[in-house]
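Below is one structure; the comments refer to it alone.
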Amino acid sequence: MKDVDVLDDFDIEDYIRQDQMPHFLCPGCGHGIALRALMWAIHDLAIPKDKLAVVSGIGCSGRLSGYVDASTFHTTHGRPLAFATGLALARPDLHVIVISGDGDCLAIGGNHMIHSCRRNLNMTCMMLNNEIYGMTGGQVSPTTSSDRFTTTTPAGNTEPVFDACALAAAAGASFVGREVTLQILALRELLRDAIANDGFSFVEVISDCTEIYGRKNDLGASPEMMMSQKSSMRPFAYRNTVDVPFRPTGLKTGVLAKTDRPEYGKAYRAMTEKLRGKKGRG
Amino acid sequence: MSQRINLQGNHACALGAIRAGCRFFAGYPITPSSEVAESMARELPKVGGTFIQMEDEIASMAAVIGASMGGMKSMTATSGPGFSLKQENLGYACGAEIPCVIVNVMRGGPSTGMPTRPSQGDIMQARWGTHGDHPIIVLAPASAAEAFSETSRAVELSEQLRVPVVVLLDEAIGHLVETVDLDAIPETPEVWRKWAEGPKQDYEPYAVTDDMVPPMSRPGDGYRTHTTGLTHAPNGFPTQNPAIAEAALTRTTTKLDLHRERYESWRVRQCDDADLLIVAIGISARAAQAAVDDLRADGVKAGLFRPVTLWPFPEEALREVVASSGAKTVLVPEMNQGQLVLEVERVLKGSAGTVGLGRIDGEAITPDQIAGKAREILG
Amino acid sequence: MTNPVQVPTNVLIVGVGGQGVIMVSKVLATLCQNHGYAVKQSEVHGMAKRGGAVFSHVRFGPQVWSPTIPEGEADVLVALEWAEGLRWLSFLKPDTGTFIADCQRIVPPFACRNRGRGAEASYAPQTPEEIIQQVHAGYAMDATTMATNLGNLRAANTVLLGALSTALDFAVDDWLATIPQFVPPASIDINLAAFAAGREWALAGEKRVDANAEGPHVSYTEIRHAQVDTVVEIVEERCKGCDICVKLCPERCLRLNDSLVAELVLPDLCTGCHMCEWLCPDFAISVTNTPVPEPA
């Protein structure tokens, strides 16, 4: 019997492919929590599973699509947004969710990310930021904090980092937000608003890679990492500007940008219909 | 009444695809293929289709696959450098068996090469460009009319066999304006991949079927399947089980062997009594035809074998033509340093002497050049 | 009462945020000042919000050095809330102190020491009769109901002020002149009436307990979850022993067992809050709360 007294009737088991469980993620990987929040948001919005398409790239984040009981597409490294663009244009009836990682989305897929933001096609990109390439063994990523050790920064990272949300907002995403996994209820709400937004939504989830990144940098186990992630963030409710770029910690959480811009698919179809109307009259 | 109009090869490609029901095009500007995209941008909205110019070549290939996974016939067009970039996602389409069409208008290479000059340097890339063993069909039209009909056929074949199909033009054919009969081929919007049917629990997206082409599901049909570029089991999920992996990879290659009749296409001209057989594609085949006429006028028994389906190569057909004509020499003129000749050598296995003739200076190969080479061989 | 000319008189006013502790102490301090005394008023605004504990020390006399009242030295203890009064009772002078308290209860959030669903809040068990017997002079009055009957329950503090006036040597008119400076103009009349009612009630005897002392507080809303049965299921095959549920459980009622699988070892502490379920990255935990039917 389901709970009758708490919040709602969400059951993760209704949304995952139980025959694929347990999933392949390491113990304590925050990606699983993010996946729960995402499915919860889908449940909140009463999106039927048959109208849900989940597209992911390569890496630890990329494998998540395989656990969702929906039409799922595990595509190539960095390209899920491009695949999703084709899918969303071909099928405006679908709810398209892209799951990507910091390397997938900001490094190899950076171009697709900024152009997806610019185009504002209706889809939601959940970027899981764990500051590392986990699946390949722990190499530096565009979001690895300063001085952190990775297998390719044996003396500590000297590269500056991307502020993914500032980038997304600057590139024109109509909804931008960030949350940590520990705040799962806030994350669920953020994702719900992101999916409901008619346009391109970008949500950065601060996730933890305990086994590789945490271990190599002595950041403690998952609970400690999650707590420190939370305490290093600055909750920041609805506001339209992002004014603290390039800071490894002290990033803002919450909704960071929300603008009312024309959704690309609708704009394109309106143009098509206008053309066809003209053709009919002429 | 037939609609005969003058069309550029590139424009003919676009119209041919639309005739077969292609309704999605994603591209990126690149010489000498940009006219395909321009034509699609103009024509697709008229038929309710979608055109998008993506941020790069990689993205346009991805978007085409994405649209096809959503249940649309889709196509992209490019040239050498872009074709290199598309190889990554082309491999995905091969592995996940997603129907799609890629037009590659060849230009001089390597790298940026000679953007506005003709070449046939991508013959091997079209077959082996993406990593790993993979099935792929490559069609090589030799006229604007054939660009029209072959692109239409490319859409149909990609649907029927769930395999990416490359339409390999050279710059000369792409920019050649010729009369095309738009009613020469039927409209085939009804040719689709097989769609999944029956109860969800019985459906396996990569099941081994008699024809080795599994029915495909799409979002919204209730099957909620998983599609991945990882080697997958019949249920669509990744596997590293050696037996399952081998069976899965074997099926995708066997499926093309099973359907040779459906996609193989070649043209023979004056081959019955040929002593010298010329094997060529595209603009080189047109030059070779003139050379055959020239040689015949001199009393040399020359013939032309032109693969229209370039890959998988029509090997039985070529062997048969060589055997029945008794040709002792095979000349392979092409606009590269010798790619097609390698395949011809492999197919004939020494049953006839094989000689290559390459041209790589950015100019189209000429009849004189081919006839001259033939005379040189024959002494 | 001690002669204020020689040593300071100490009045301690306690209650919870929002009741008007500060208003009472301001009235008293102003009154003292107007009579030429040195006054020290030091206060703590509790948790700076409604519902938090608040106290205010008022000391007056010819010379006052220390701002706070030492334990056992308060001449009068005014408690706007019963349990707060009990908490400060040890500050009252054992032999001569006067205890003036509203006997209505406001149960603070931290009285819910047991976070289990259906748990009763703990509250001071002593009855007003017991307490009033222990002190030199005492008034357990239902000031809230008295103020409510006058038209505004928020004037309960002024009712107590009326009782306080009987314990100090200031003229009634002085009190009545001071109160209007600290209440909104619209409620001056009601506050003066409340003062009169409180004073009248206290003048009736040195020890009095209101007959309705056990009556429920009108503004007190019972916060009590329905009793539930909580079942925490942990799927062993999915648990990877990451420790998240163990360390982030607010009640710390989970442990990793010898095979590094999470286990509910202290089920009695579990409140069914779902935190372990929500934060389990492996979807290994499910928490089900089933309501227990209320006895008919």
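To keep things simple, chains are lettered A, B and C as they appear, and every chain counts its residues starting from 1.
Here is the rule we use: a contact is a pair of C-beta atoms (placed from the backbone, for glycine too) under 8 Å apart; a residue touches a chain by one contact, two chains touch by 3 or more.
If you're wondering where the values come from, they're calculated on a predicted model, not measured in any experiment.
Averaging Cα atoms per chain gives one point for each, and the point farthest from that of chain B is the centre of C. Comparing each chain's Cα centroid with the centroid of every protein Cα atom identifies chain A as the most central. Pairwise, the chains sharing the most contacting C-beta pairs are A-B. Chain A and chain B have Cα centroids separated by 37 Å. Between chain B and chain C the centroid-to-centroid distance comes to 84 Å (mean Cα coordinates, whole Å). If you average the CA atoms of chain A and of chain C, the two centres end up 47 Å from each other.
Chain contact summary for the complex, chain B toward chain A: residues 24, 26, 45-46, 48, 50, 52, 54-56, 58-60, 62-72, 74, 88-89, 92, 217-230, 237-238.
Partner chain C is touched in their complex by these residues of chain A: 1-6, 11-13, 16, 21-23, 25-33, 36, 181-182, 184-185, 210, 221-224, 226-227.
Chain A meets chain B in the complex at residues 17, 20, 49-53, 55, 65-66, 69-76, 79, 82-91, 93-94, 111-112, 115, 268, 271-272, 275-276, 279. By the touch criterion stated above, chain C contacts chain A in their complex at residues 225-226, 228, 237-238, 240-244, 246-248, 272, 274, 278-284, 286-291.
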